[in-house]
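Look at the two complexes coming up: chain A is in both, with chain B in one and chain C in the other.
Our next item is the complex of A and B:
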């Protein structure tokens, strides 16, 4: 039995925004895989909920005429993991969605909830950072687009306003075409797991496939919010694929990340994973981009 | 038909379809809901409560605090009652405790009309404490100036202690007994884990005719009745306990958990129906856990591997209340001497100390997984030092045929440990793999490891072993079978059915076992624990079945006008003993016996067993692992348990029991550990943060058996319930040793611990930002 004081099922996004404006205590619930846990814990006991669960306008994935990928925020992880458009264009993201929890959680949990929750361990977050995703927020004052790098303001905190709903996640054509990607999740078990570290690497190769035209390296749980190793990415632009390249990238990542010690994992252990996973993810991304990693 | 046949579980259909009724399924509508208010300190005293806000919550019926409960201390362990109270369990807790000894201790209870109101009120109870520094290690607990946590029962925090020295002289003297001895010393430790049975503890209670009825998820209904009576200070038969199907227990429900409090609440509320259901978090933090045991060990051997002497000092973390107490550590110390024979002397000392951790109690194999980790790490490290094959070292020293434990007098009436090793060695391809992985290099390495164990069957002579069984024949020739022994998921109802069918001469379809225990109706029994039921309770089924069969044959003799000695029963028929010719369907006999105007007779039987026997089961684990060194990850590629558990009553169920045990052992080896912060507060009392392995984390689990007939078992059988979980953890640890050369001496082999170990061993270069 959940301690929910008030529950409103919105009929549309506009209706949800209106309901949120009418109740400043109200919080948004979609799949409920995070919110219900907090209610049960007592942290959100007696809460007022505005549900956007099941709104058709929030579900689905499409590719626009310009090649932009639009993922509606209410799309479940299992749908994302199996979506033909995503499997063709950004398979890394589909794979990342398949790493969340277990089958039941993936059936109910939504990618929008995963992002809005604002936690550094969210499985989709590092891939979305690597993909330079743009977040579409719809509120009382209309719709605005926020680049993902400006979305997170701290652990569990984002720029989303009380009356805003995340309606879509957009990925521009230039941010996926020509890239090979790889997401690695490190968990202490193979399912029902929160990431100890997540690493997403994307690589675009030079036409001769011998050098890095562009690298994107993103992490979850390597800092209080998901992050990109932008200095490292710049430093290896144009670098030839050599055995030393992976060492440079790993060291670059180590210089940029800011993991903390907690009872879940020490800083030293996370640093070891940052280093090793950068190598493995980048190596695989090079292969997925059509290159050869073992040169 | 009968024993040795893999018949389908008698409860399979009900459980798979969801038709089987568990406590929550039986709960009548309209129950009041109880919620325990838990301390937010680990060590201290409740000074006072402010209940004003909590009582104002709509729907709250009443709040009871530690100042409202009877002035009675009671013991919760699911042990038989001991007539000499001084020798029995330790009476050290009340229904609600004013003196707080664990984080989350039971200090008050809210009763409300629903869960929301109860939870709201529980959060609003304000408590003033006198707080003391928490004692969070055995070492701190046994320090000379440590505050005694239970001055009423012990002057210090030493709850229990046991010692033995078997052989001649001491370990120290043995060192110089001959030249050239090799010594290995080590410290090995096991962690705190929790049972994680699927169904959390739950019960409901009400009063009927001035008696308290408690329906509860327990392994030990008759013991629960006694402890409820003791805790409330009322005659025991004023309590009736009903145990429906339960969703696992693994020893946690071999403790009397919240039934006494639930009974007290209904008693105080005029007999109103009150339910008390724990959350997963409460179950993990506030019921029972497995004892963490830390040990210092030494071994002396000749260069050829002959063991000369060993010594064990074990320190066991009891947590806040005695529960099963020192029994677990004593068991741990005992196995150390049983499994291997030392030519000169074996010394063992065990200490159990109260701390402010969660209370430790019974958990599957009762101190032996801890003991086996310690014993088998030591043997492996000795083999490593001597450069011997680990199997050869063990075969040279392990329990001899005809072994009798010098302290307990327990006989190994059968001993198949050597057969287990031989069978597993061939099935697993040990020699070939051991050689193949002898010189692994690189980031990803493989290895194989081994561990063996022994385990007694039931609890005689340490505790009472009694069991009772009742059967009556129905008019259609079927038998109703009533046991006090409990089905807790292990398949007890099925094997009792097979035993009854075998003994009476029926097919299984004509045996109807009553699964539910009701202390008003069921025969007395102690319950499911100690791998005792197929052995001890099997004896009760066998004897009862023989009595009933005698009555059937007597009636058949009357009806067929043939001497009973010439008759027998088989598969629902009375047959001629010689030639097995079918003479009379038992169904016809039963109908006539019931309604005959010449000789009407109820065909029934009841027998009481006072078992004065025990015997030893053995077995071993072979494990193959792959270690990803830079990622600190162990993948178990293959794991095989071989068991010497006597004759298998139901081979398929036996295999299932082994699979479950190995699975539990995998978590113990690699990932499970309850963690506490510096205040004694559990950090990971939920199934996300506590890493119970999932189906995705396990290889295929393999089981094999050597079926030696144990002459003391009712059907040649001996313990199998607990043993499968004992040896996987040391076997995996030993496989990691072969793969990497690194000795990990504490459980679990978690990723961070592995990385730290590999950094220390120079297998990983330490990394960090450039400064």
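Our next item is the complex of A and C:
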């Protein structure tokens, strides 16, 4: 038996918002693969839950007439990993979703929960940062859009207000079209493992495919929140694809990240990973963008 | 608080009172006597509590019973044929000696039923990934993978078609 004091199954997003407003202690539960574990742990013992599990309006992926990708927050990792629209437009994100836990966890875990938990190791986070995702939050005062870069305020902390539900994750056409991407996860095991470090790289090439038109380099677990290496990204705009380019990117990333030591890995090891994974991810992203690999 | 839960379990509709704090693993074991559903870790790590919900594998230890409202649950108890024969997946586990203490077996069998149900052919590496949500402390997994390969191959020969591999092929 879970130590839950109050449980309310919402019938719609509006109903969930109402229930959250009525109870300032209430916590949202979607798939429960974070929340239920924390209840077992005692961290959330005696909590009050508002469940948005199974709400049809929170499930599915679509592409609008303008080419914007809309991923509803309650969509499971399994659906995301196999969704034909995502596999065509943002395969890096579908691949990232496929790296979470194991099959049963991917069936229950939602992408909305992965973002709202505010955790730096969340497998979808680095890709969503690289893709400049926009988060659609619906609360008592209506709906607002928050760029993912403004969402996180610290480990486990976000700007989401108590009565807000993350309803969708949106990715504009200009943020995926023409890019090649690659997400790499480093963990001690191949499955059922939280990332020691996650790295998402996206590359758009110049028309002759010999230089970088735009680089996006995002990390999970390289800082207290997911992050982008924006200075490095700017520094290599227009740079020719040479072996030195990868050195410059790796060095740039090392100057921007702020990893910590944890029981999973030391700061020093994470720095090693930051450098090596930037090279591997960027190299693969260049190939996926249609460029030459032999750098 | 108690609520009435209506769901289909192994083909039969049941309507039972459940505590809203209950996990589906507890409901299936304690209220319906379906003790093939094992509780190993109770935090989603080991897969011993796996059942199929609407055809997909879930860890029932981290699944609130009320979420099962209107859904269809399949456990190992529901695999036997009307005349009492074992399901081909169960038979393959026996033939390949894929069971030792047996604690992980029901969960693995349910994942295997889902895998075999796709009618697709999988490489050993793909099968490894598909059962990565299960821990077995006895067999070393090789005999389990042998059983899976055997039954996947059998089924594919019977009803199979060359489907696409599951999940994204790479990280292009």
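One rule holds in what follows: the second predicted complex is superposed on the first by the 294 of 295 C-alpha atoms of A that agree within 3 Å, B and C clash if a C-alpha of one lies under 4 Å from a C-alpha of the other, contacts with A are read in each partner's own complex, and residues count from 1 in each chain.
Heads up, the rule we're going with is that contacts are C-beta pairs under 8 Å (C-beta built on N, C-alpha and C of every residue); 3 or more make two chains touch, one makes a residue touch a chain.
Just so you know, these numbers come straight off a predicted model, no measurement behind them.
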item	value
Touching partner for A:251 - first (chain B), second (chain C), both, neither	first
First, second, both or neither for A:192, with chain B first and chain C second	both
First, second, both or neither for A:94, with chain B first and chain C second	second
Partner chain in contact with A:1 - chain B first, chain C second, else both or neither	both
Touching partner for A:81 - first (chain B), second (chain C), both, neither	second
Chain B versus chain C as contact partner of A:104, first or second or both or neither	second
Which of chain B and chain C A:36 touches, first, second, both or neither	second
First, second, both or neither for A:46, with chain B first and chain C second	first
First, second, both or neither for A:178, with chain B first and chain C second	neither
Contact residues common to both interfaces of chain A (with chain B and with chain C)	1-3, 102, 190-192
Chain B residues within the chain A interface of the complex	114-116, 119-120, 123, 630-632, 671, 675, 677, 683-684, 687-689, 691, 693-697, 750-752, 755-756, 759, 764, 766-770
Contacting residues of chain A [partner chain C, same complex]	1-4, 7, 9, 32-33, 36-37, 40, 51, 53-54, 78, 81-82, 87, 91-92, 94-95, 98, 101-105, 107-108, 180-184, 190-192, 284, 288
Contacting residues of chain C [partner chain A, same complex]	1, 19-23, 26, 42-45, 47, 50, 56-59, 62-64, 66-67, 111, 129-134, 166-168, 170-172
Partner chain B, residues of chain A touching it in the complex	1-3, 42, 45-46, 102, 186, 188-194, 196, 250-251, 254-255, 263-266, 268-269, 271-277
